[in-house]
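Before we start, here is the structure in question, set down as structure tokens.
For clarity, chains are labelled A, B and C in written order, and residue numbers in each chain start from 1.
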Amino acid sequence: MRRVWIVMMLLGVVGYGAPLRVAVAANVSYAIEPLIEAFHKSYPHTKVEVVLGSSGKLTAQIRHGAPYDLFLSANMRYPEALYKEGLSVTKPVVYAKGSLALLSMKPRDFSQGLALLTQPAIHKIAIANPHTAPYGVAAAEALRHQHLYDRLKPKFVYGESVGQTLTYAMHAADVGLVAKSALFSPKLRHLKEGESWQEVEGRFYHPILQGMVRLRRTKQKRERDAFYHFMLGERAQEVLVSYGYSL
Amino acid sequence: MIELSLEKKLFGSRGAMTLKMSATLKRGTFVVIMGESGAGKSTLLRTIAGLESAKGSLVVHGEVWQDETTLLPIQQREVGFLFQDYALFENMSVEENLLFVKENRPFAKELLEMMEIEGLATRNVTTLSGGQKQRVALARALMRRPKLLLLDEPFSSLDPRMRKKLTQKIKAIHTHFGTTTLMVSHDVSEAKALADEVWFVQEGEICPSGIEVL
Amino acid sequence: MIDLQPFVVSFKLAGLTTAILFFVALPFAWWLSQTESRSKPLLEALTALPIVLPPSVLGFYLLVTLSPQSAFGGWLSETFGVELVFTFWGVLVASCFYSFPFMVQPLQNGFESLNRHMIEASYLAGKSRLETLWYVALPNITPSLLTALMITFAHTVGEFGVVLMVGGSIPGETKVASVAIYEMVEMMDYTQAHIYAGLMLGMSFMVLFGVYFFNHRQKQKVRKH
């Protein structure tokens, strides 16, 4: 009888082990729950813990020994840096392409696209900080492409991450440049395209290639790899597309 | 003429007690209030000053300080009060303490001379001895030429020699200014030296009597 | 090249917050110390709330309340043309909320430890409550006063979550030193971060030391008298 107990306990430790920790950039926070649900269809016993943050902050934490197994960044630069430093097992791989969108809680005429931002009725524009957030870099790029950046600068309000930028856009600023994926979250899903939000034209900015890496410091190699391959597979792609990402 | 009739429920060192005091006092009288600790002597003084509240009436020199409809605030009662712990304004010098009460330099000087402390005028009060402090407090209490002088065991923190000296000073003041004075004391010799009338307070009630009883 | 703007914003914010809170909190702390009202514990608890609330939560609620999209913020905007979010004035208002208990509590404690008889002596001298506060009570709680001023100042300089939320990190306007340093860490520009952090510590230390030293000198003067 005792032997059965010991074996069961060992199985418990191995099979129902510590949860998988996935570091996730802010813009993916809206899609991550459905992604995990889909993952559980094939791997029902692997618990997944999500650590949300701005890509920059998560990278700094990983550099200093944070116990994450996977990192889903909002760009390629941060995961590439981790790879160069030997902290990731493989080179970064693109798991999704992000897009920018204009969001306003008050209905506006989005037909002019970014030019709308020059209207005097728009006092404050929420934008992710281009120094720290990849979506901010893209937003700045798009505005510069349309020769609007310098003119609009006095109206900017900087969100520390694209998540905070969304908070600003929803609660205090007149318009925000946010991750398109946010518009598909349950809270904002009811907003009408063309009335409350509009995608920013893709040709205005370099595609936001979002990179994923498997981290060397892991205790769950198998589970980590399982999630990694899941993210690159068909089921995950379906979920991502439904959240406004392209591939 | 001072007429008082005051009632107050107290929760003192002896448990619950009702203070019920009435008395009349001729202007200029020196009353010493004696009695056991916790009998309500300080409370009586403080109520007259307006520092504590009680039910009843209090009329001083024809001015109503308290009755069913009026309650004169502390600031408007012309009372000089001496505390056992002096209660001087510690951020000020001796003369500043006096001038804060009333800007009357000549009178302040006169009072300090009477108290024999005119040399301490610019000293900060925290640097003085107990006896010196109480003399400053006494001078301060007189600055407004009050209608009543109330002394709450003013000498209990002082040594016997100083007590005697200050008793003499109080006597001199009383003779000079003629202010009606009520003093709480435990000391029989002080009472003998100063009192025109003695009130014994027992369980919240006054039994006035002359000084023959002492 | 060191951009000193964030420091200017930080110290401007801390200085103004301290000055405003002094005049607002002083009568309130005095009243709290003297009152026997039954509502005292309730008011004390409310005053202490900003200490307990996480700064980012407080920042969020202030953001939503002051936003032109809200009832209050909208009224401000329409009636006075004033928008408080993402402006220095908005951050100032937020800082005043956030640092309020740090000004009230030391003052209140100081007043409560004063000799009651001394206060009564002031009333007996014919002085009103406010005169007593200004001429008798306040001069006798100099250590508590200094503590209140210094802690409020230091607390505001170190403030991060609230300013970040309500301010929007606008350079020269709402980007305080603490936010600037955070940004440098995020950008992994650790050298800059170290320099800024060092500067901030140095400047703050000078201010605090200056005041304590001055206070010490004053005490010596009184003793020699």
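By definition in this document, a residue touches a chain if its C-beta (ideal position, glycine included) is under 8 Å from a C-beta of that chain, and two chains touch if they have at least 3 such contacts.
These numbers were taken from a predicted model, which means no experiment stands behind them.
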(Q) Using only alpha carbons, which chain's centroid is the nearest to the whole structure's centroid? (A) C
Q | Furthest chain, CA centroid comparison against chain C | A | B
Q. Roughly how many whole angstrom separate the Cα centroids of chain B and chain C?
A. 43
Q. Counting in whole Å, what is the centre-to-centre distance of chain A and chain B, each centre being its mean C-alpha position?
A. 78
Q) With chain centres defined as C-alpha means, what is the inter-centre distance between chain A and chain C in Å? A) 37
**Q.** Shared-contact residues (touching 2 or more other chains) in chain A
**A.** none
Q) Tell me, which parts of chain C touch chain B in their complex? A) 115, 117-118, 120-128, 135-136, 139-140, 222, 225
Q.
With touch defined as at the start, can you tell me which chain C residues reach chain A in the complex?
A. 60, 63-64, 66-69, 83, 85-86, 164-165, 168-170, 182-183, 185-188
Q: Quick one: which bits of chain B touch chain C in the complex? Just the residue numbers, please.
A: 49, 51, 74-77, 79-81, 83, 85, 87-91, 100-101, 122-124, 126-127, 140, 143-144
Q. So in the complex, which bits of chain A are touching chain C?
A. 54, 56-57, 59-60, 105-106, 123-124, 126, 129, 131-132, 156-160, 164, 167-168, 171-173
